[in-house]
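Structures for review follow.
Below, subunit A partners subunit B and then partners subunit C, in two separate complexes.
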Partner chain A sequence: MTWPFIIIALLTIASAVATMTLRNLVHCALAFTVTLAGLAALYLQLDAQFVGFAQILIYNGAVAILVVFAILLTRGSEPPQQAIFSSTWALGVGIAVVVFGVLSAMVLSSHALAPAGPAPAIASVREIGDQLMTKYILPLEVVGLLLTAALIGGVLIAMHETKTK
Partner chain B sequence: MDGPVDQIFVTAKDWLVGLAPAPWQPLVSALISVAAIIAVFAGLFAITTVLERKGLGRIQNRYGPNRVGPYGILQPVADGLKALTKEDIVPRTADQVVHFLAPLVLVVPVFLALAVVPVGRNMVALDMDTGVLFFFAVGAATELSVFMAGWSSRNKYSLLGAMRAIAQMISYEVPLILSAVTVIMLVGSLSTVKIVEAQAGYTGWLPHWFVLTPWGLAGFVLFLIAGTAESNRSPFDLPEGESEIIAGYYIEYSGFKFALFFLGEYIGMFAVSGLAITLFLGGWHAPAPFLNWIPSYVWFFAKLMGLIALFIWVRGTLPRLRMDQLMNFAWKFMLPMALVNILAAGLWRFVPPGAVRWAICSATIVGPYALLGRALFQNKHWAKRTYRYAE
Partner chain C sequence: MTPLSAYLLLSALLFAIGLAGALTRRNAIIVLIGIELMLNAANLNLIAFWRYSPNPQALTGVLFAIFSIGVAAAEAAVGLALIISIYRHYKSANVDQVQAMKG
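For the complex of A and B:
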């Protein structure tokens, strides 16, 4: 553990906590963007430049804006009057603990944590591109198809309804 | 060409860094680069504001600022002092924290974006493997600042301005990135330094700049249009349309916070112009081999001033678009043309050099351009404009 990692981790966790506890929904969304930026900083710290900047570009640039728009267009941004803690918080805590336990058990038992021999080479953008165009071409095409379908669906929903007689 | 005058700033920085004790040297080096970027581009901002006002004045048949100092060149000093001493008014119902943070969230990323732009030979603050991606990633953060400013002000005009700005920025970011993709494809690298290196060399007197290829010219024009829209400049300045929504998202800002928004907008314009120069105009390379004795940074800033002059000229001559025209232009014209341009760049890569390559590539761009233009104008019935009440 190094100092940059500790600072980034604390920032990410603090903003994640703020996302859950702030009363104003727009504040929550803004805190959420800080969490996303913190994750990007973690990727950058692991020398994954492409993933880190793509995370900022996509999540902070597009997804955060989408979240904010959704909040503004669907309901008032006034903070709620009643308590923000749900009455079934005990159940929620229980589920969170179980999920955390399962995830950490899986991570701890996986081979990824085993001390590997040589350190893997840092993936350059060129290598990522080569892999995407050769080995992972099918997933890439499927994702492209899915996004195109979503795009067409969005256009269809937004299109003017022609009057039917 | 690679002489001491060309490298004077690099040598000076190395000397300054050498003065510091060894463990501090990376930090000192970074600090010097940051200080240089902030000082140079903030200074350029001051000069540009007065040049723009004088240029617009000339276009509109008036003098422009001419009271402060000789020919009014000290006007930015007066403006800066005024902004500093002005009362900072925050609306009572505004969201104080977000209202305070918004200008900072705008100014910091636009300065960060300048870090990957090579302003001269060996003169780039951050030489990264993913330089262009870094540029677009930090550029995405500015959209959030616009929303923060518009929403936190609790003013319907600022919220309207922010909505307009975000819709416009998201729409034009797509053609902006897609037109830059062509260069990345042909160079095979995201590093800004490598992109500039790829444009070195001359054929006769003509430099190997990407703007002098069919796909490069189309990409440059698309990039410049999208960049104008990204930096909210006229004719794409709907978010701050004074005659419609007063000043858009920064209506509730006064004093130095307003100055910061102003600064952020201009630095954003410099950053987009700088990237356009890096991608298409050969970076710091001289336009002809016999002009190589002029230092590289002079060429970069000459090109930058040229692009700024173009921006001022466009602002002075073109009227503002309407919102539906803006969106139609982005999605029905810019996006298809950017995609076609990627196809043209791919053809350019695989067809052997020669006149055939020029013909094929140009036809790939001009053909769809003509067809698209015809299709978009098809159901429009042009007639003399009639005014209902003002005849």
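For the complex of A and C:
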């Protein structure tokens, strides 16, 4: 294990925990962007440059801003007076701990994992574009259609209901 | 070189943190952030398995992660629009106060 990985992993985990436990929703959103940046750094460390920069563009650029807008539109910027966790929080934490225990036990007991990394694979943007335009053209079109439908649907759902009343 | 199991353990921990947040928080926006965190943990798994696979030239893991990010962006847009609509109707974004469809 290398030091950059340890530092990035600790930063990502700490900001993820902060995202889920902080009281002020704006602080949660800020911690969430740190988590996303840490994940992008991990992608870059895994030689997936395109996915790392796409992560920064889409998540840090679009989804985080969308979350901040939603927080401000629902007046979540002032800290809540009542409890931030639901009454059955112990059950939820228990389920999460059991899931992590099962997953980590499976990972640690598996013998099929490759012990050492192969030669560095360079996934250049040209290769990814070639694949997207040839082999994966149908999924690309489907994702484009899904995004269009989702954004039109999002606008329709969030629009003011003054005309229909 | 970091072993593959370290990435898998990190991704499992991120998934567990996101699951705990989605199950325990009251605010719907934080629940959605928890779901996004789980999706990101799955993406990290895809990239890590692609990097350590015997044939990384196939690019399958990278393209799968790209499509997953696109679907997650669509999901976030619709989810946040739903939360805003629910807030306008109930004057609250807490998931335990939305009880109209409770069985």
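For this structure, a couple of remarks:
The rule is simple: the second predicted complex is superposed on the first by the 128 of 165 C-alpha atoms of A that agree within 3 Å, B and C clash if a C-alpha of one lies under 4 Å from a C-alpha of the other, contacts with A are read in each partner's own complex, and residues count from 1 in each chain.
Keep in mind that, in the parts below, a contact is a pair of C-beta atoms (placed from the backbone, for glycine too) under 8 Å apart; a residue touches a chain by one contact, two chains touch by 3 or more.
Everything numeric in this text was worked out from a predicted model, so none of it was measured.
Using the contact criterion defined above for the overlaid structures, shared-chain residue A:Phe5 touches subunit C, although it does not reach subunit B. Applying the stated contact rule after C-alpha superposition, one finds that A:Gly153 touches subunit C and leaves subunit B untouched. Applying the stated contact rule after C-alpha superposition, one finds that A:Leu108 touches subunit C and leaves subunit B untouched. By the document's definition of touching, of the two partners only subunit C reaches A:Ala70; subunit B does not. When the two complexes are overlaid, the chain among subunit B and subunit C that reaches more residues of subunit A is C. In the superposed model, A:Leu138 makes contact with neither subunit B nor subunit C. In the superposition on chain A, contact of A:Ala62 is made with both subunit B and subunit C. Of the two partner chains placed by superposition, subunit B and subunit C are both touched by A:Phe50.
Taken together, the two structures place residues 50, 54, 62, 69 of subunit A in contact with subunit B in one case and with subunit C in the other.
Taken together, the subunit A residues at the contact with subunit C in this complex read 1-2, 5, 9, 12-13, 16-17, 19-20, 25, 28-29, 32, 35-36, 39, 42-43, 45-48, 50-51, 54-55, 58-59, 62-63, 66-67, 69-71, 73-74, 76, 80, 83-89, 91-93, 95-97, 99-100, 103-104, 107-108, 110, 113-118, 121, 123, 127-128, 131-132, 136, 139-140, 143, 146-147, 149-151, 153-155, 157-158, 161. Of all residues in subunit C, those touching subunit A in their complex are 1-10, 12-27, 29-30, 32-34, 36-37, 40, 43-44, 47-48, 50-54, 56-57, 59, 62-63, 65-67, 69-78, 80-85, 87-88, 93, 95-96. Listed in rising order, the residues of subunit B touching subunit A in the complex are 95, 98, 128-130, 133-134, 136-141, 143-144, 147-148, 151, 166, 170, 173, 188-190. Against subunit B, the residues of subunit A that register as touching in their complex are 24, 26-27, 30, 33, 49-50, 53-54, 56-57, 60-62, 64-65, 68-69, 72, 77, 124-126.
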